[in-house]
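There's a structure below that I have some questions on.
Chain lettering (A, B, C, D, E and F) follows the sequence in which the chains are written, and residue indices restart at 1 in each chain.
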Amino acid sequence: MKESVVIGELAWPEYARRIGVGQPVLIPIGALEQHGPHMSMNPDVLLPTAIGVGVAERIGALVAPAIAYGYKSQQKSGGGNHLCGTTSLDGHTLSSTVKDILKEFARHGARKVCLINGHFENSMFAVEGIDLALRELRWENVHDFQVVMLSYWDFVTDATIARIYPEGFPGWAVEHGGVLETSLMLHLHPHLVDMSCVPTHAAATFPPYDVFPTIREWTPASGCLSSAANATAEKGQLLFDVCVDGIVNALREAYDARSNGGKP
Amino acid sequence: MKESVVIGELAWPEYARRIGVGQPVLIPIGALEQHGPHMSMNPDVLLPTAIGVGVAERIGALVAPAIAYGYKSQQKSGGGNHLCGTTSLDGHTLSSTVKDILKEFARHGARKVCLINGHFENSMFAVEGIDLALRELRWENVHDFQVVMLSYWDFVTDATIARIYPEGFPGWAVEHGGVLETSLMLHLHPHLVDMSCVPTHAAATFPPYDVFPTIREWTPASGCLSSAANATAEKGQLLFDVCVDGIVNALREAYDARSNGGKP
Amino acid sequence: MKESVVIGELAWPEYARRIGVGQPVLIPIGALEQHGPHMSMNPDVLLPTAIGVGVAERIGALVAPAIAYGYKSQQKSGGGNHLCGTTSLDGHTLSSTVKDILKEFARHGARKVCLINGHFENSMFAVEGIDLALRELRWENVHDFQVVMLSYWDFVTDATIARIYPEGFPGWAVEHGGVLETSLMLHLHPHLVDMSCVPTHAAATFPPYDVFPTIREWTPASGCLSSAANATAEKGQLLFDVCVDGIVNALREAYDARSNGGKP
Amino acid sequence: MKESVVIGELAWPEYARRIGVGQPVLIPIGALEQHGPHMSMNPDVLLPTAIGVGVAERIGALVAPAIAYGYKSQQKSGGGNHLCGTTSLDGHTLSSTVKDILKEFARHGARKVCLINGHFENSMFAVEGIDLALRELRWENVHDFQVVMLSYWDFVTDATIARIYPEGFPGWAVEHGGVLETSLMLHLHPHLVDMSCVPTHAAATFPPYDVFPTIREWTPASGCLSSAANATAEKGQLLFDVCVDGIVNALREAYDARSNGGKP
Amino acid sequence: MKESVVIGELAWPEYARRIGVGQPVLIPIGALEQHGPHMSMNPDVLLPTAIGVGVAERIGALVAPAIAYGYKSQQKSGGGNHLCGTTSLDGHTLSSTVKDILKEFARHGARKVCLINGHFENSMFAVEGIDLALRELRWENVHDFQVVMLSYWDFVTDATIARIYPEGFPGWAVEHGGVLETSLMLHLHPHLVDMSCVPTHAAATFPPYDVFPTIREWTPASGCLSSAANATAEKGQLLFDVCVDGIVNALREAYDARSNGGKP
Amino acid sequence: MKESVVIGELAWPEYARRIGVGQPVLIPIGALEQHGPHMSMNPDVLLPTAIGVGVAERIGALVAPAIAYGYKSQQKSGGGNHLCGTTSLDGHTLSSTVKDILKEFARHGARKVCLINGHFENSMFAVEGIDLALRELRWENVHDFQVVMLSYWDFVTDATIARIYPEGFPGWAVEHGGVLETSLMLHLHPHLVDMSCVPTHAAATFPPYDVFPTIREWTPASGCLSSAANATAEKGQLLFDVCVDGIVNALREAYDARSNGGKP
């Protein structure tokens, strides 16, 4: 069997050995969601998985199977959950999934876990799942289980933003199917992008409130919130590296902080 | 009985009359949460309620009893849920509360509702509650129920920010128990603020990830994420007015948009 | 900041201090429910809150924010949940709310809590919430958390009943929007009562069973189950005092009983 | 196969035939609960079942299998749920059971159902189950499903009480394992009663509040809340007849009321 | 009171005594389900109950009230849940019921429990209920609670099958309302079988997949999946004895295995 | 972008087009589960996914992202859920996931769906998820949504079994990590198998009942229930082909049956 950081690709004795030596478990959490006419619907799973593998190879960690379905797309961050192709879970289902899985890794002996989020709307329901898992683990007398929760784009530095968006950064808010995700996909999975179909409309603008049911006209017909016309594989490489670097440092810092009374 | 926009203060025939003429129902959603040593623990309820009353008096709407307990405080927006005094609900409990209440107002005949959020962490669980309510209302053959979801601080304009924070805006992220909330409380409920106890430490800084269980040392001992030393009642008045104005316009726009095929 | 027994009006250090010295936490639990054409819809919240404050000032306790929405109104105790204005929660939502809040006060360090019920239909779902909280607290190794559950009207003595109802007591069953609640509101919140609109119909009578869906004709059109024509502010004062006195004694007795092996 | 009103004893074609001609379905709902040292733990199931059969034979109805486990015993009505033998469900489990079963009978074509309660603490959770079932049946476009909810002891008339308790009626509150239930069991299932073990202590008295966890000393050691020393089979016969008569009339009245716009 | 192994027929002191000496608790779990035109709808409850009593009398155990409603009938094992008379629970309701009851018997002091299943479709939801109960019991610091889960027909030996089905065994899959259940009912409850109505159609055959909603034509109109024409009371006696014998041995073995490190 | 039957690899307009022309959606449902020392832990996901792709390419269907975590491993079919590496969901979480996803595909317009199961223990919880989804879809007025549920190994014909197991078929029951799964993995993902580590112990044997908590000694230390020593890639090819062929025929038959009144 090949060497791998991917849990699913290991036989259980090797997995047990690595957990036994304290390797962290990284869990990508994504979505099946439309990302415009130029890109496949799986970037929210593929990107945190690839970043997770990159991180795991650097720090000696394990990557769990991604949570492949996420919380409902919101209009101002993903176009809205009325769109065809977007396939989402109720919040409680997602929180329960996170809870159940975290407890299982704890049962195996894992004590350091990281959720790598690839879908904006997942965050709070993942946070709730973590809280519920930690609560039940306390009841199991497990008190040293630590979870880092992060979204990979939060590790893109200002310097990188300046290089990626020389024409000015529109904000993560409208980066759905935009330059960030498209560049990363061009770098990692170019056959899942067709730049000839990239929408070129202006970035979507929204009022400072949400309306339910969604007013569908507010979402561009493409499903993208901004144009990925300036996406390139080179930018993707740059983004990938800065995210992997940032998360590598973050995990070292976070897992140490715990043992050092909060001081990194 | 006195004139009132507050639902709880109306006898049912008057309430039924107003619902019958199409008045929107505004529902404040807050929290019981520590807000530093200089302020009471109820601003997340009092502020959206006061703003709701201000809006209701302008547009002819009704204000429902506030949802008084909210979702768990997060470290980077409220200091964390380990803090004494902060009293929170599980996510599913909060979503269910929102769902149940929305469906009841729909049963009464209300068709335009607005959730006015006063506690950052509530947003996604309120969104889920709205989605669940709309789903069940469809099953009841109610298809014209419209919910606006907003957080009042999103209506503070850049011009106002410039006036409130002449020394530079630290971002909403660290505005927990800071200038915004304290100024509003000084304006609306001055007896619930004691400026002699305002912490003066620097704004908290956090890494781009979260750790669970919370690393308690990362939250300032005061429970505030930034200093409210520059808060004044005048700023509070300014903030209150800009929020009420903004929400008044938002609701007019949103409730019209629906009937106009999305065009405000 | 003003002196207060109201938790929401305290800054967290003062709250923590009081919890630290063992002050009990009193939680009003009410409803938004129609109470006839002569009275506002919030007495089930306002009355237990006022009584709670009265008790807290006497025994050195704290009053939490009221649970403002309650269980579904039943025909024979509140007219039925089909009535306009009555805004209720599913049973599980209410039990979960009670559970979550109790656990939070326990986390703060509170060990003596009292639920002061103002809405008849809440009782069993509050009881369930208490049981679920105690169960989970056991799992957290908290074994000394004590909850008193009461409905304020159960403290009206026979002597008081004789004075309040010289014409004969119709039973609590039909006291919805009747003399008890109306008198208390006249005493505490007179501007929320309009005696010119008091219904004067005879007390409702019901068969010894319930029918679902509600047979609407069985509820008087006023929404009241008996007439409040004999309500007065003086009776309200009397009722308020007897309830506060009774609950003060009850809590002293109950919290002592625990430590004395059940002997008051 | 023998003639029977008991659903479980019918083959499906006969059951389908009776449902097809509009026979009501009566569902006993009981508990497994200690009832003192002189009586078996199943009266809350056996009594409503026997009464249900008696009613069904009179009006041409069907009796469903009893719900054999009920809600948690409360101290003031059943001694408390800490007692050995008492075996109870969480509230949500009981409500869900009631909901699921009601919907199934509706699927078969039943439109008139009656829950015959034999365990005081079940009432509100059964009511919730009914409400949830009616809600989901509306979503299935079933709008003519009618449920009567009753507890059999509510049909004991004042005249009967005077005959059963010549020494004065202590109130239903303390009738747990007392004269009512014991007499009915002596009439219906005498081999499940041993009058030589009847406790003779005075009726339990309780303060006007509940304490959780239960203060165990407040419940008589026997588990009974009053003495059944005066129970006889003759009283049981009397009670049985008055309950069956009362429920027969109630169901005729209730099922008619619906079709008559609420007028019996 | 008569001697009994049936928990419901015991007064609590006798029940407590038997639990105190370590008697196992056997819980029949069945269903209300159509079983063809020749048989009542309660065999899934009556059969495991009778077998449970037989086992209990042999090994000194107790029989709890049966769980009388089970999981939804599946087409290939029970004809499907669309059939009239079949009255089923949602999976979560059934699992919760099993969980709640197991925890109560543990609270009483029972440490050895056996679920005797009489309805094929119950198995996995009972398994889940057991797992949830064991989890919560761990949280209660109960670590020695042991549950045996079995379906009675799994104890019919090959030798018995050869005697019961001399014409060849069609497999348990189509034994719904067939020779096994009908023979057992003829032995135990002959008045609930009418052999003149036995269907004589060939055994149902199904493809290796399931379709939802059920394709109703695939289920024989009788509701039986095979013919019970060859059923006799003598076969029923034989089946009853082999099941009781097998379960008696199984429980001795299983409860010993635990204490012997897994070696029977 | 490359041609694909994999939903995640399509841009939404192409996905919408295919759904629009009526392509079925195939959803693999697997598990992360130990499969012995010689094989990776992901065969329950990889095998139904590969088979799903094979089927989809033959009939013009789409393959959804696999449900990557399944129900708890049972001792007699997967060794038990106490084993390291096995990572499972609570039953309700799995049913909710299936429900949520099915409803989303229905929202997109899909009307023919197939769940391809790769993990024995998933079946009943998937069935429940399907039933819950169909119920809620009825409430959405969707009445023509059809779900086929199957486990791929049920399509291995007797003829194939005879070729795969010339030494005699041990039964699917002990085929966990055995010849079937290992051969398929050797055919499809040979780098995830290491035949040098195949256990050679005899097939596990179990009594006709289950014990909880699991008696760990009953599971072979390898985690396999039988030896895969006779597995080959050629057998894997044979198995793959017979499963794909069988499912292709099944789906044609099933989707036609519906429109033909049940007659294939």
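Going forward, a contact is a pair of C-beta atoms (placed from the backbone, for glycine too) under 8 Å apart; a residue touches a chain by one contact, two chains touch by 3 or more.
Just so it is clear, the structure is predicted and the values come from calculations on it, not from any experiment.
Between subunit C and subunit E, the least number of touching-chain steps is 1.
Common neighbours of subunit B and subunit D, listed by label, are C, F.
At the far end from subunit C, in terms of centres built from Cα atoms, lies F.
C-beta contact counts were set side by side for B-F and A-B; A-B has more.
With chains reduced to the mean position of their C-alpha atoms, the one farthest from subunit D is A. At the subunit E-subunit F interface, residue numbers used by both copies make up over half of all numbers present, so the two copies contact each other through mostly the same positions.
Note: centroid distance subunit C to subunit F, computed from Cα atoms, is 54 Å. Subunit A and subunit E have Cα centroids separated by 47 Å. Averaged C-alpha coordinates give centres for subunit C and subunit D that are 28 Å from one another.
Residues of subunit E found to touch two or more other chains are 90, 92, 139. Of all possible chain pairs, those that touch are A-B, A-C, A-E, A-F, B-C, B-D, B-F, C-D, C-E, D-E, D-F, E-F.
Contacts from subunit B toward subunit C in the complex involve residues 1-2, 7-13, 15-16, 19, 32, 34-42, 45, 64-69, 83-90, 92-93, 96-97, 100-101, 104-105, 108-109, 191-194, 197, 223.
Remark: subunit C residues 71-72, 74, 81, 90-92, 95, 121, 123-125, 127-128, 130-132, 134, 146-150, 154-155, 207-213, 215-218, 246, 250, 253-254, 257-258, 261-263 touch subunit D in the complex. Contact residues on subunit E toward subunit A in their complex (touch as defined above): 138-139. Residue ranges of subunit B in contact with subunit D, taken from their complex: 139-140.
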